[in-house]
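Next up: the structures, one after another.
The following pair of complexes shares a single chain, chain A, combined with chain B in the former and chain C in the latter.
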Partner chain A sequence: MNVPVHIKSIPSNKKHLSDQMYITSLVALVAIGLFLIASLFVPNFFQFQNMLNLVTNNWAVISLGVGVSFLLVSGNFDLSVGGIVALSGVLSVWLAQSIGSPNALASGLGLPYWLALLGAFVGALAIGGLNALFVVKFRIPSIIVTLGTMMVARGIAQVITQGSQRNTNLPEEFGVLGNLKVFGTSMQFPVLFMALLLLLAILIERKMVFGRLTYWIGANPVASKLSGIDNAKHITCLYLFSAGIAGVVGILLSSEYQSGFSNRGLLMEFDALVIALLGGIAIAGGFGSVIGMFFGAIILAVVTSAATGLTLSPDWQYILKALAVFLAIVAQTWALARRNK
Partner chain B sequence: MASQQQSPVLSIEGLIKDYPGVRAVDDVSFSIESSTVHCLIGENGAGKSTLIKMLTGALQPTQGVMKINGLTYTPTSTQDARDNGVATLFQELHVVDELSVLENLTLGMEQSRFGFLIKSGLEERVIHTLATIEPTIDPTARVSSLSVAQKQIIEIARAASSGANVIIMDEPTAALSEREVERLFTVIKRLRSQHVTVIYISHKLDEILALGDAVTVLRDGKHIVTKPLSEVSGRPELIDMMIGRTVFESYTPRNTMSGEVVLSAKGLSNALLNNVSFDIRKGEIVGFYGLVGAGKTEIARALFGADEVSGTIVFKGESVGNSPKEAIAAGIALVPEERRTQGLFTQLTIRENIPVMNLQSMSNNGLYRLAQEQSIAHKYVEQLSIATNSIEKHTEKLSGGNQQKVVVAKCLFSEPDLLLLDEPTRGVDVGAKTEIYDIIKNLADKGNSVAVFSSELEEILGICDRVFLLYSGSLVSEFINGPDIDINNILNLVTGGNQGVTQ
Partner chain C sequence: MKTVKNMSKSTTPEIASSAVSGQIISFLRNYYIYFVLLAIVVLLSLTNLDRYELFERGNFLYEKNIINILRASAPILMLAGAFTLLMVSGYIDLSVGSTMGLSAVIYALLAINGMPFLPAFAITALCGALLGAFNGLLVVKFKITPVIATLITLSLFKGIALLLVMDGVSAVKSMGNLKMPSWFNDFGREGVLLGLPMAFWVAVVVTAFLVVLQNRSLLGKYAAATGGNPTAAKLSGINTSKVVFVLYAIVGVCAALAGMARASFMSLGDPLSGDGMELTAILVVLIGGTAFSGGEGKVLRSFIGALIIMTITMGMLTLVPAYYQTLVIGAVLLAAAASNHLISRKEHGS
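Entry: the complex of A and B
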């Protein structure tokens, strides 16, 4: 097939954004628009520090959103991330607590700190491996599998903490990681972690073969298999990736609070799903981007914090989230349908 | 009902169905007498299924009239057709495994008041109907415990007890064993004696000769003949009417074939294949021809590692692994049967579709070569003349022919030594068809091997150098294409005719 390539007059289509870019820009515009509207009504909303807070306060959910987004694009759910946050946090505490206290909740395994972190991380990966095993090998729908492992992970955390929390007998260095200020600024290490993770994710998604594979599998798993893609291996990687992120988030949170708490990360899996959907990721797979998910998180953050600023009772939070989700999804469907008419 | 020669139960007058660019059914008129088994035959693409879809309300005719018992009949859905007394037995069965025979028979016909089921004479009626059709089936048995053939009879009984006086059966024997076929025939004959008319569609000509009262032949969307089977002399006459010509002219022998065997398959067997062995040589186009269900797709998928199969496949001296990934790495590519569900990523653009089968060449230490993706897309759009205004067009918006070209482009980009094409021109317009044939010939002229799996004889005889004939999972014959092949003999063999005869 060495026919000379002469690219002539096929229009290069520069004036048209791809659907992907179109939806992502739309989400970004909505996020910025909502921020400006909120600034009109809420006193002191339009401040640089506030903008920064919208991002930094949500570092955990945004980080989880990265793994969840990749899986959604591949056509799979991951509802286990909230449970993994609890599990890895509790594990890191329990493994690091020194031995020998008469109080059961104050006595751990006394491992060196680094080994405790490694153990916690491996525990998180094990849940991811379990997800992959059931989804890939036994072909059980991912929403059911990860709903199950969500409870398994949190259940183990619950048993280790006896339904309470572990926060004593910890080594000196335990609280460092979660509270570390980076480069002498006020930015905390977890926020840096989120930023680096986002950059890595965007690189993978936009520039790497691995990212492309995710879209192909999500767009048509049958065709991708017949095109020589190893769907099983790729989805396994994605579940491990997502569980690994959740593991790190759990470790950082338990370090920040210097405690292992079995209810930590409760409902975070749903927030991660919500921001991914708000960010324009198709629930059926094959479409969406991490940048969109990031702006989805901003939308959610603006809505909830503006509501608080308007002295609306926090009880209204869920209703507001629900409204935002419905509006965003209807708007996206409408915009895409109109565009592709 | 005094006379046997009453007015026809169903008559069709000047029926036309147009698709964009194709007239699938072209001015068809015939009528069907009451209480007969009326057979409908024709090659693939002759318009049988389109006609049936119009009769069952799944499609609306572009022009023409259908009448039942003299009254104009314009069904809008299968339910509507059923209300008019026309029931259909599809190839896929619509029974509920978890319910009993009786519950299946009354499904959808239950009488209710305020949402609660009430007793009616319904049950006695359906039990009676079932008993007259097939007394050996226990109405209280669970349907999951029945055989495929028995399930089919349940469906027939349901149709009969719902008051249908015309039952359409589309290839009802495709999944049945010989003994079950005989039982089905007995059932059909009983139905006929109870004044039910059966429209029977089958490729198996022996069944038609054994069972039918009258036959209607369609060819290229046109009505060729309707006549009583008592006036048909036998298989050869049916085949003649179906093909209407004895030679396809377009094949010109190519001289790139060499003796070198590229792929050799021995004793391929699985649930649908029965000890299939063959060779494919360098630079040749081989064809696999057979009816739907004869095993073409199964062979293609087995060679590509997509399905499990026993036996050995040796490609370029080495055995191929058992996954598409390994097959592609070894130099085999497959254009699958269903392009929309198996070949294309319809929500992605042309540009994003083409590189997927050759990711080694797209990867630069894991980084994706985006610029190369553009130039490759431009190259194939140009080379295969894919009609589009942009490589950024979503493939779902392309016509069937252009979609198929994108799938072919995907395969060509993997630079296969052996390209397998399963029904390469199904649903493709005539222009694109010729272009796809040219692509295939070009590929073989360059010394690659091509295998075409098709149920269109014209296609097989138009481009293939060597042809294998398949019938029900077995290779029944092999011949070199040329001017003096006997088409009647080919059709005889693939429809299960006497298998001793080869050339």
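Entry: the complex of A and C
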């Protein structure tokens, strides 16, 4: 792969913002600008509830984006998250379904609910471990490894559900977690999960050694290794982290719909990658932030929901998505080049 | 003095043995893929022998079964060679599936509006070249990383294809006054030689052309140089941008051919008919032993890789339910990546 190196920060006293903050604020401004433009054209767009919906409807992709962003910053891809979402969801259903129905799809392993959730989570971590094994130990390009594990994870889900879904014979409490309202408000538990995850991610990224090391590894893996950082261990942790998030997302989604569906999370890995790139995370690694990824998600959400609001045919979504990513990438490259001239 | 003698004594056989093992490894690297294909065919033809005679209906080697597999393989066989050249030069095209879908729609629209086979075929192939060139433009002129650039066009081409299809239907097909012409199926279905359709033979010709291109032309050498060491290639006067641009256009043409083959096979212009093709192409090229980082890879080996994948996926259908497919393909991809890695590590002696 030829990866253009376009980030060269030159320290200077005149600049108060780092390149990173500069790009992040640029992305945030674009997101807000797009929202205002959309408000001009789309009826009922400029409403508080709509702003809220833009975030809450995308909790799953934003959550996945956290793990994917950290890995991208470290210079690695994770395309397996969509497959893991399907796998952990299907596993949680299959393990919790009671035994003994004559219908193969209605009969599970009959484990207690908490054990089923644990099993699903461990299954997700196993895929993350597989990612780490192939990337770190065998040094195979992460894009290939995670494409393979994406198929393996989804493939296992398809085998368990026989290419369809499992949604019967579930214990009473199964649907609670995904539909839980937090403290009597209308906010659902999965949204709270996303919010806490974002806060945690920002804390790790800005204030903790682990987060800063991730940037070092992404910026220059050789130098980081020579300065005594255990790259292998670090990247393993990141893959487990990302897979763990995807596992929880899968469990929450299957609880919300009370079914384990082998096609759930289809193409979510690409959406997570796209919002991270929109948010200014460099594909070469070493640059970007979780906050940027969040605003990248908002950009994508505004574009797609404005298209729906304008009653354009849903086919336009693909073209608008392409345009948004193209403009964002070109604008970021241009802005950085201009700033560091 | 004595130690030197000892050393030379002890090292000579080692060098000799490493030369032999090096030969074995390079032999394996060059030819293992043919053995893999052979082994899979033998294995599949030996299954269910208790119920079906060899070469008879129900057996893997039944003539119609082989024809069926080769016929369905035409699209990926058309695509594999060009995709290999692109990956050898260190670039990638994730938009091939969307290019296929868009080409299928364009081809079906031209046909249904009364254009004869040859002009429709030529125009669609030209459109494919333009789509590929657009990818090249994004990568070479706008300097967008190949993965992102072709993710953008994946979305863009798919959107255009979906918009081109008439309202109310999901694919271009006979409806109302518009009738799909009778020749539409022929390209992908009608046996012209050995019972195989024209699409398959076009795939063979394209592959032969690309093999010659890779081994006998400057473009082939430049592609390998660009992938092996882009800086060195540039410094030695190769116009790497031009090489990459041309390769993207070639991939576009091949994707358009693949799209037409599939449209003809399914007798409709389905905008989603190429979905997932980029994964299949990557898989096939990797199984053929092409290095993902560029610089190495052979067109012919990818052709065999494509046959292997199609044989596995279609041959498996008689043994296990279809929902095992994703798992098996994913596992094959990981195994291929791991074995590629192990072989190249042995080769470089580390």
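Definition applied: the second predicted complex is superposed on the first by the 326 of 341 C-alpha atoms of A that agree within 3 Å, B and C clash if a C-alpha of one lies under 4 Å from a C-alpha of the other, contacts with A are read in each partner's own complex, and residues count from 1 in each chain.
Note that in this section a residue touches a chain if its C-beta (ideal position, glycine included) is under 8 Å from a C-beta of that chain, and two chains touch if they have at least 3 such contacts.
Please read these numbers as outputs of a predicted model, since none were measured by experiment.
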Partner chain in contact with A:329 - chain B first, chain C second, else both or neither: second
First (chain B), second (chain C), both or neither touched by A:318: second
Per-residue touch tally on chain A - higher for chain B or for chain C: C
Touching partner for A:104 - first (chain B), second (chain C), both, neither: neither
Chain B versus chain C as contact partner of A:212, first or second or both or neither: first
First, second, both or neither for A:40, with chain B first and chain C second: neither
Contacts of A:156 with chain B and chain C, given as first, second, both or neither: second
Chain B versus chain C as contact partner of A:145, first or second or both or neither: second
Intersection of chain A interface sets (partners chain B, chain C): 1, 3
Interfacial residue positions of chain C with respect to chain A in the complex: 90-92, 138, 142-148, 151-153, 155-156, 158-160, 162-163, 167, 230, 279, 282, 286, 292-294, 321-331, 333-334, 337-338, 340-342
Of chain B, residues touching chain A in the complex: 304, 306, 323-325, 327-329, 334, 336, 341-349, 352, 356-357, 359, 362-363, 366-368, 370, 375, 378-379, 381-383, 389-392, 394, 397, 410, 412, 414-415, 446
Chain B partner contacts - residues on chain A that touch it in the complex: 1, 3, 5-8, 10-11, 13, 16, 18, 207-213, 215-216, 219-220, 222-230, 286-287, 340
Residues on chain A engaged by chain C in the complex (per definition of touch): 1-4, 134, 138-141, 143-145, 147-156, 158-159, 161-163, 262, 270, 273-274, 277, 283-284, 313, 315-323, 325-326, 329-330, 333
